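Across the two complexes that follow, chain A remains constant while its partner is chain B and subsequently chain C.
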Partner chain A sequence: MSLAAQVLSLARRSVIRTIRQPANWITPLIFPLALMAVNTGGLDRATDLPGFPSDSFLAFFLAFPFIQGALFATVNAGVDLARDIQTGFLNRLSLTPMRGAALLFGHLGGVIVMGFAQAVWYLTVGLLVGVSIASGALGALVIFLLAVLIVLAFGSFGALAALRTGSTEAVHSLFPVFFVFLFISSMNLPRNLIETDWFRIAASLNPVSYLIEAIRSLIIVGWDPEALALGFGTAILLAIIGLTLSSLSLRSRMART
Partner chain B sequence: MRATLNVAVAVGWRMLHNNFTTPSLLIPGLAFPLFFFTAFAGGLSRVNDIPGFQFPVGYTAFQFVFVLLQSAAFAGVFTGFGIVRDFESGFIRRLMLAAPDRRGILLGYALGALGRWSFTAIVLTAVALAAGMEVGGNGVDLFALYALAVIVNACGLFWSAGIAMRLRTLQAAPLMQLPIFLCLFFAPVFVPLGLLANWLQFLAHLNPVTLLLEAGRSLIAGTPTHVTYAFGAAFCLAALFFVWAVRGLRKAEAAGS
Partner chain C sequence: MASAIEVRGLVRTFKGDITAVAGIDLDVAPGEIYGFLGPNGAGKSTTVHMLTTLLPPTAGTGRVGGFDIVKQGPEVRRTIGAALQEAALDPLLTGREHLKLQLALHGIPRPERPARTDELLARVGLRLAADRKIGGYSGGMKRRLDLALALAHRPRILFLDEPTTGLDPQSRSALWEEVVRLKRDEGVTVFLTTQYLEEADVLADRVGIIDHGRIVAEGTPRALKAEIGRPTVEALPADGTDPLTLEQVLGRFGELQPSTAGVAVRLDGRGELADVVRALDSAELKVADLHLHAPSLDDVFLAKTGRSLEGAEEEHEEEQEQKQEQAQE
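Up next, the complex of A and B:
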């Protein structure tokens, strides 16, 4: 079996497995949008602040579900991989000619499919409730591309946690950590409007801010090369770091088994 | 009565001992309120400048009241998780055999929830004051604010205990926390009621948490309004959930747990 066939086979397994666990795909589809509704309802008047970059808080906030959905997909996928380790599936797999890279990319392939489906859902809901994409149809495609990259980057860290710990509980416990990164970012207000100095600095150091701002720029600004370069650059860098560390962990995990 | 109190004190002490000697129980209950306070009060302080936003003691105090009430409710819910764990481990079966008056068990869990929240409230208040929170209310106002939070804590505990005693599985955890989460967030969390979007304003008007929040904020500002109504609503909710919890206890007894 070629590497591509191995990757496809494991990606298919990952997707089917997620579909068979409704909580794993219903929550990422519903919860980020529910939180978006609450925040939008509560902070709608923030658009009256001088310097606020949009007259619609909904459009401003639409980037948020993409990131939170990616977090959900990542944690769920990490948990599935950890379960494979706990149940001995990985041990059995290591006795076959299956290559380590196929396992990692197959697993991440499943996460990417789910991430893409989520991105389509969030954007569709956004368009249905009246948000218009300032960068047009091409911008929507770029949003999907960035969303997939973000899921790949986060997914590689979920895989890393699973491979390092081999524990579903440990991967679950990552969720609050990811959540902290999400909340200490520019998700609610643009960084220049964050008044508290330490929070603005923390948000500026937080890579999640640049991911949100890149998606947001396509929705409310149009084509902003700086925001896009920072967003894509951050996502690619995170993906490289995550994939490198996961590959190293996988090697030692497979060696131990 | 004495037997009931003896059971209550023993169960309450055990809950507190478990909570303060198990970091995985202690840290989330403490970290989440602090995190929400940091994210909301720090990240959204410019919301104070929205035209029509008038809160005399600043946005930090405005958010402090929400997080205080939220932490109280969730300390009750997290104690509900402990009740389920006691069912799953078989501890409650032995406890029910040993307790002369089983209502003492419920009272003990309530004491545990109160002790757990008290610690969180002390830390949260210290952090808020260190962050420069202004307080307009006098001692009586603040006593009333914390008393209101104590009743909210009891509401959270009795609600989750009712669920825990009926379902007796950790799979019921979302059922314990989701309704409380929704009630808390479909209220004026970020801005006063009048500045919410119309649909959220409509829901918030129907939500008793709005009354508690507005009364709590008026107390910290030193301009008490609707306090009697808020305490009335809180007592009614606590009584309602107490009956719910006692009936749950009877169902658990009938199920032979």
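Up next, the complex of A and C:
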């Protein structure tokens, strides 16, 4: 059986699992949008700040659900993988001719499907509440592509945590860590408008800022090559690091001869 | 004929200088049911994990289906099926979905999968529950599905690691029947670990008894039991029967043994049970009860290790508790 067919079989299982756990897909669909509504209500006046890049805080903030949704999908997928290790399901799979890469990409395939569905949902809701996409229909496609890359990158770190620890609790504990990265980013304000020095520096060092800014640029600016290069570059770099480390961990976790 | 399973000096140690398997040798012939009997923690599952390529050995060699377990892992996995100690199933998938995934990963061509799925479900009696999620299955149903999954790709060698632990007698009996059928009809070699004496006795052509990572006895159940001695006859005198006279009569057939209920003698070959009955009859001795105790595999375990299998379980649990206490300190 080809690697692609193995990946498809395992990704299908991952998607079925997600669908059959409503909490795993309802939360990522609802919670980020709810937080967006609250933040937009509270921070709408930020658009009055000189140099704020948009008249609509909603449009400015619409990039946030993509990142938070990716975090949810990632943690859920990581927990699923850790559960497979804990219950011995990984051993069952290891006894088949399945390749290690198929396991990793199968799990990530499921996350990517979930990430893509979420991205479509967030953008649809954004459009329904009046946000327009400055980069047009092609820009929307690029947003989906970047959203999928972000889910892949984050998902690889969720898989890494699962493979390293084999513990669902350990993977769950990643969520607050990811959340810290999300909040110490440019999600609420453009970096150049953050007055507190340490926060601005932290946000500039935080890769999440560049992911948000790339999606945001497509929504409120149009085609910004620098923001897109930084966003895609960051997502690809994170994915490479995460996948490399996950593959190494998988090798020691699947110690079959 | 080449062995289906051939093991020489297999060792597995873990961190903390823990030796789970301390150098075992064994040969299992094609089409044989080999019972690997021992208490919890004796090294049974570690051996199975090594033989199924899930765990590299620390030392020694092993060949399964003619393939080296270290150097030819993929070939070994294609040859074997395994139902490990925990029936590791996904509670969110149905039985049918499990089989579809298993068949796909084993590379069974897509057009063959539906028929093979139905065939396996029918074989383990899960046709009606095929489209129910595993979360709603009983322990016996999970074990049966586990067996079906292990058989999905028609393996020549089957590893069953404590397949009936925790099952009710009916489920246990059904699984035994299926194991016997696999050997009889399909010539499948079965490596079965168990802590149940009866299971090894009923199913296994040969038994290997493992304790503290070493095989302490090996042979057919009959030979092992014969090796440790002759059966014992125990008679409970009826009211009015003189126990001393009873002892004299039974003493003609062998050495008297301690007995709390009556008089017991280990037969030494001068007569069988029928001869004992005839002797009692001619001496006009009435007995309330007469028992023939054939040696059990537990007697074999006792003879080889100085402990009964049950005692070994308790000892192992105490060892585990001590280790946990030491770890906490």
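FYI, the second predicted complex is superposed on the first by the 255 of 257 C-alpha atoms of A that agree within 3 Å, B and C clash if a C-alpha of one lies under 4 Å from a C-alpha of the other, contacts with A are read in each partner's own complex, and residues count from 1 in each chain.
As a working rule, a contact is a pair of C-beta atoms (placed from the backbone, for glycine too) under 8 Å apart; a residue touches a chain by one contact, two chains touch by 3 or more.
All of these numbers come straight from a predicted model, not from anything done at the bench.
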If you stack the two complexes on chain A, which partner ends up touching A:Gln6: first (chain B), second (chain C), both, or neither?
second
Taking the superposition as given, does A:Ala134 touch the first partner, chain B, the second, chain C, both, or neither?
neither
For A:Val38, using the defined touch cut-off, is the partner it touches chain B, chain C, both, or neither? Pick first, second, both or neither.
first
First, second, both or neither for A:Asp48, with chain B first and chain C second
first
A:Ala170 contacts which: chain B (first), chain C (second), both, neither?
neither
Of the partners chain B and chain C, which touch A:Val125 in the superposed model: first, second, both, neither?
neither
In the overlay, answer first, second, both or neither for which of chain B and chain C A:Met98 touches.
second
Footprint overlap on chain A, comparing chain B with chain C:
none
If you look only at chain A, which of its residues touch chain C in the complex?
1, 5-6, 9-10, 13, 16-17, 20-21, 84, 87-89, 91-98, 255-257
Quick check on the complex: what are the chain A residues that touch chain B?
38-46, 48-49, 176, 179-180, 183-184, 188-189, 193-196, 198-199, 203
Residues of chain B defined as touching chain A within the complex
28, 31-32, 35-36, 38-39, 42-47, 49-53, 185-186, 188-191, 195-197, 199-200
Partner chain A, residues of chain C touching it in the complex:
52-56, 69-71, 73-74, 76-78, 80-82, 84, 86, 88-90, 92-93, 97, 101-102, 104-107, 133, 149
